[in-house]
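Per-chain residue numbering starts at 1, and chain names A, B, C, D, E and F are given in the order in which the chains are listed.
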Amino acid sequence: MTFERSGQRAADQLRAVRITRGYTIHAEGSVLIEFGNTKVLCTASVEEKVPPHKRGSGEGWVTAEYGMLPRSTHTRSDREAARGKQSGRTQEIQRLIGRSLRAVFDLKALGERTIQLDCDVIQADGGTRTAAITGAFVAAQDAVNGLLAAGKLAASPITAPVAAVSVGIVQGTPLLDLEYVEDVDCDTDMNVVMTGAGHYVEVQGTAEGVAFTRAEMDQLLALAEKGIGELVALQRQALSN
Amino acid sequence: MTFERSGQRAADQLRAVRITRGYTIHAEGSVLIEFGNTKVLCTASVEEKVPPHKRGSGEGWVTAEYGMLPRSTHTRSDREAARGKQSGRTQEIQRLIGRSLRAVFDLKALGERTIQLDCDVIQADGGTRTAAITGAFVAAQDAVNGLLAAGKLAASPITAPVAAVSVGIVQGTPLLDLEYVEDVDCDTDMNVVMTGAGHYVEVQGTAEGVAFTRAEMDQLLALAEKGIGELVALQRQALSN
Amino acid sequence: MTFERSGQRAADQLRAVRITRGYTIHAEGSVLIEFGNTKVLCTASVEEKVPPHKRGSGEGWVTAEYGMLPRSTHTRSDREAARGKQSGRTQEIQRLIGRSLRAVFDLKALGERTIQLDCDVIQADGGTRTAAITGAFVAAQDAVNGLLAAGKLAASPITAPVAAVSVGIVQGTPLLDLEYVEDVDCDTDMNVVMTGAGHYVEVQGTAEGVAFTRAEMDQLLALAEKGIGELVALQRQALSN
Amino acid sequence: MTFERSGQRAADQLRAVRITRGYTIHAEGSVLIEFGNTKVLCTASVEEKVPPHKRGSGEGWVTAEYGMLPRSTHTRSDREAARGKQSGRTQEIQRLIGRSLRAVFDLKALGERTIQLDCDVIQADGGTRTAAITGAFVAAQDAVNGLLAAGKLAASPITAPVAAVSVGIVQGTPLLDLEYVEDVDCDTDMNVVMTGAGHYVEVQGTAEGVAFTRAEMDQLLALAEKGIGELVALQRQALSN
Amino acid sequence: MTFERSGQRAADQLRAVRITRGYTIHAEGSVLIEFGNTKVLCTASVEEKVPPHKRGSGEGWVTAEYGMLPRSTHTRSDREAARGKQSGRTQEIQRLIGRSLRAVFDLKALGERTIQLDCDVIQADGGTRTAAITGAFVAAQDAVNGLLAAGKLAASPITAPVAAVSVGIVQGTPLLDLEYVEDVDCDTDMNVVMTGAGHYVEVQGTAEGVAFTRAEMDQLLALAEKGIGELVALQRQALSN
Amino acid sequence: MTFERSGQRAADQLRAVRITRGYTIHAEGSVLIEFGNTKVLCTASVEEKVPPHKRGSGEGWVTAEYGMLPRSTHTRSDREAARGKQSGRTQEIQRLIGRSLRAVFDLKALGERTIQLDCDVIQADGGTRTAAITGAFVAAQDAVNGLLAAGKLAASPITAPVAAVSVGIVQGTPLLDLEYVEDVDCDTDMNVVMTGAGHYVEVQGTAEGVAFTRAEMDQLLALAEKGIGELVALQRQALSN
């Protein structure tokens, strides 16, 4: 018997994905990305300086920060600014977003400037980190387009699109793009980040309950590949508007 | 000669104000309030417990936290969670919001529960703290309505509406509801919080450049009174939908 | 029936105010100010450098910090240095003191140096922030006098005296210069900062219990104006010794 | 042409692994694990209490902390205790160790007690997190054996052995168990955690430079499976002494 | 040739010591102690509770905190509350004060209550920690006297007076009670804490420049014994007023 | 009746002391020092820069940090990096180690470079701070030898050996080199740091229970002198291998 999903979604089906560019006015790139009820605001800010470890290197930097609004979740979570530190989970996620975006940037071609990505969860319903990566790419592309239009860059430093999705095994059924109730109930949870060319940037699989087999991993990787293909198409479409 | 405002706004005119209830799905009250380009998400969370200084008192508590998304501003500001502390400005504002809302709550009638207000600035263009107070009231009212509907409260603990607006003197002209470019250029800046009955809850006036006279203060208070009257009407209208 | 004050003080009467210059030996300005039992040590330190946002601007800076000794209060309060952070209240007060003093300084005329004001409460009995502002002005004047005497400044960058007082409504009676027992019992509490010329620098009114009317505000502002006039005279007298 | 490894190590060969039990005297389990020049001290401490989220649940808890001695590395790294916070990397690693160990524990069978694992790197030469997991399992087993011997547990709550290894592609060659110089030079880096039964607990693959293909991932997973098989045998042997 | 001291003070002579009881009104004991230009306010607060490690033990606790006002020193020092932590020096000193006072308290006889000593330096000119110990004893005695008078204690838990002084070798001359200019110039610096019975509670000697001999230590200990004898007499006299 | 020590150790006898040089491979000096069951890893790192207060002075700097592995102790202590700050005890100890080593360094002769000593307790059984000083000297000597061998220094900046030991009075008996059970039971505890020439660098005596007499101090100083003489001989022997 297979697990029944909300809205009669098929096991290998993404939630409704919506990508809204220019969501706020100040940032060089500003994207609201929605995966069903998950809503993440991704902004890209261009700063004409680099962190210490890149100064004088001729290379740029791409980095990310992540946060959840306190009531983006079912029950209110503490505000990290008030607690005085970011949780381990937050740091793990923002490091993942940063690495994922850097994987498709030629830092030499970017020149000594920084693209700072801020991914803030407005509403959470599972898959916030993968939505953040997928939306941050579009915001970063908008910021790069601005630099190209302003003549600050001659050629794009972006080498490929990048997108991400979560997959998992719930009650024995491999599922694409987990929402919160599925995630909670999940035996194995995997976040996959891939380029538009179908290559892996990050694979993070975790056995929440029981360890998983190689056959299960293969099923999950196939689902992820399908989903990311669709997400890259949606990014492309959003950017062509 | 008087100062010319964007969009041919009159000196005593509010920006376009929009109040969207139910903006997010998890919070007991969730309101997006817009004053022109200023957008603040105000959520009200009900928690069935009170902070230590109220335990066993039979009274409830109403409190607020405030934050700005890093790229809600013209140039990116540091993320307070990453810096490890809230700025003095942030603390000042969230204490103001908390006091303003408590001023229209009968804490005894609320019972031993807390209404936690979170005001997060999505986009900033001046007047974020006054928009936050005005929106937080609507979110708090929605949370209270939920408690009444659920039979957890027999009567509303809210004693009056409360709203807030900024006023200031720019190049010699007293103006209602300052936007960012006006605020930067401002000699005197005043934030006024009033109840629906036209009484003062908070008055905070600051001479940014030159000290101001009693006559100027009177002009500003009159402008604020007019603006708050209109805001209370808009709150009422939003709540009646 | 009117509220009866300790020591048969009239409603519009200041407590005994004492200003002692040269209270400690190291600081460029060092003033112990007493409002009855409230005692605040205000020192002004001159530093021949400015914070980053003023470097190279040709302008100076005036800033303040505030603290309470742990047992300056009726029951001991935690030491902020041991807790590892300043409370929101502390930050609010030190920002108020800094703004109030800057309002009477011509920063260009000060040159690229900083006057750092430290206001430490030795004993608290209400009105510590207004005592701090009133005393800090005298300490700042002493520091400026030292710079003039040393030929480091050709003309004083101080444009006017500044002083502050609290006013409030207790059991229906408007009172000048609240002491602790009055403050605790207060419906409306207002801190007013004015220049020697009778202009406003800051007005911060808060309804502690019930919202206040315009008529009440007018009464409070009149009381404050009277008190600040007397305080400025006391500052002048202290400086002329 | 394939990459040449130090000490003529084959591409699919582990470094010399040494597991020393009882390395220190106070802990319930204390293991020094060496992978070549990488040396990690893993201690297991039994505490007869659980963290708040487990209180009254009848279940126990297994958790981990990780640290590097400042001069365990080629150049000295800052002491995290002196800097006042753990880095994102440290938190990521200690969360990984904790999840990996919990995956082989039946928390119900453990009862309401905590096994706290401390993994401190004495000397670093690549692969510290995977060595830590592999050593922490042995320390945890020793702690459990102590509980069994003392009659505090009737049956072991450990459901399987768990071990971990790093794999990566260096100059086009897939390698098992990377040492530091290989890790620095690596295009793709993967940490794999598996049970003794050959099932996956965690897979974390990262493209450091270029994205990797599915074929490359398959090669890496095969290498990891081989290495972990050998590590589990070494754990068993160490525990049988 | 011997070192010449300010004010023609002899090598074995204390500075003018002044002990003012009841310096502030709220604390159970409040003493301003002056050693020449060094002025430290020592307050003793009685709290009817004990820290966790003493709960249910039937024993009380005596502890101390120490701070310097930012401009108590020649050049302004950072405010520890603003920097967000106490320096190593501050912690060392407050631990020393706490141990010294506990040495003359019978914690059993004190009962389950805490005497919290706060030593805040108003003006510094060398010897602040030894002045703090000497003054804190008087404040503690006043707090105990209050408990006796109120019938909360039947007998005093204080077993002996305790006082402290600094001694050092400056330009080859052993000196009693160093002031700042002597301390800066000092080869060996020793802080000695003794009871009224002439027994040692703490001896902390440090070679600032060259290591010191046993003969030098003996000279310093003799000077300290003389000074502490005089200080204990001054404490007694102050307490008898 | 005298106190009976473990292993029939005489009152004036050191525990078995073992000094292992080259304990880890990366540091310029790396020493494991063992006093019986107390084991401290002391590394010396050479950095070709100095802290701000020494820049441009032509002088170098020697400084130390100290830490305990969480389970180096009988019951697990919190990890300071996780708690977010070093305890007062830790700071006190690392300041002591730093001062002790600087006492035997000619900072001018060292040139503008820093020797950073890290003392990490692997296993604790009393006397960790004195073991740390004794071991840190050997590590520092190895680092200096490296600088001499590399031609970066023409002559050694080390002016004398330095070593340290604890002494104390347990049940009336003066003992050399206290182990943990003795330390816990101790009336008076003294840590003594001396040079190879028999001069004092630091003396820190504390009455844990009852104040101690001059005669007792003399006994303790004699024991310490004996022990330090033996430790300096052991350092010399270790360095000659």
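As a working rule, a contact is a pair of C-beta atoms (placed from the backbone, for glycine too) under 8 Å apart; a residue touches a chain by one contact, two chains touch by 3 or more.
Keep in mind it's a predicted model, so treat the numbers as computed, not measured.
Note on connectivity: the fewest chain-to-chain touch steps from chain C to chain D number 3. Listed candidates were D-F, B-C or A-D; the one reproducing the C-E interface, defined as more than half of contact pairs identical by residue number, is D-F. Taking each chain's centre as the mean of its C-alpha atoms, the one that lies farthest from the centre of chain A is E. The greatest centre-to-centre gap from chain B, using C-alpha centroids, is found for F. Averaged C-alpha coordinates give centres for chain A and chain C that are 51 Å from one another. The distance from the centre of chain A to the centre of chain B, each centre being the mean of the chain's C-alpha atoms, comes to 33 Å. Inter-chain spacing, taken between the CA centroids of chain A and chain E, is 59 Å.
Within chain A, contacts with two or more other chains are made by residues 84-85. Chain order round the ring, anchored at chain E and oriented towards chain F, is E, F, D, A, B, C. Chain B meets chain A in the complex at residues 24-27, 30, 37, 39, 41, 43, 45, 47, 65, 67, 69-76, 79-82, 84-86, 90, 116, 118, 120, 122-124. Residues 85, 88-89, 91-92, 94-95, 99, 103, 160, 190, 194-195, 197, 199-207, 210-214, 217, 221 of chain B are the ones that touch chain C when the two sit in their complex.
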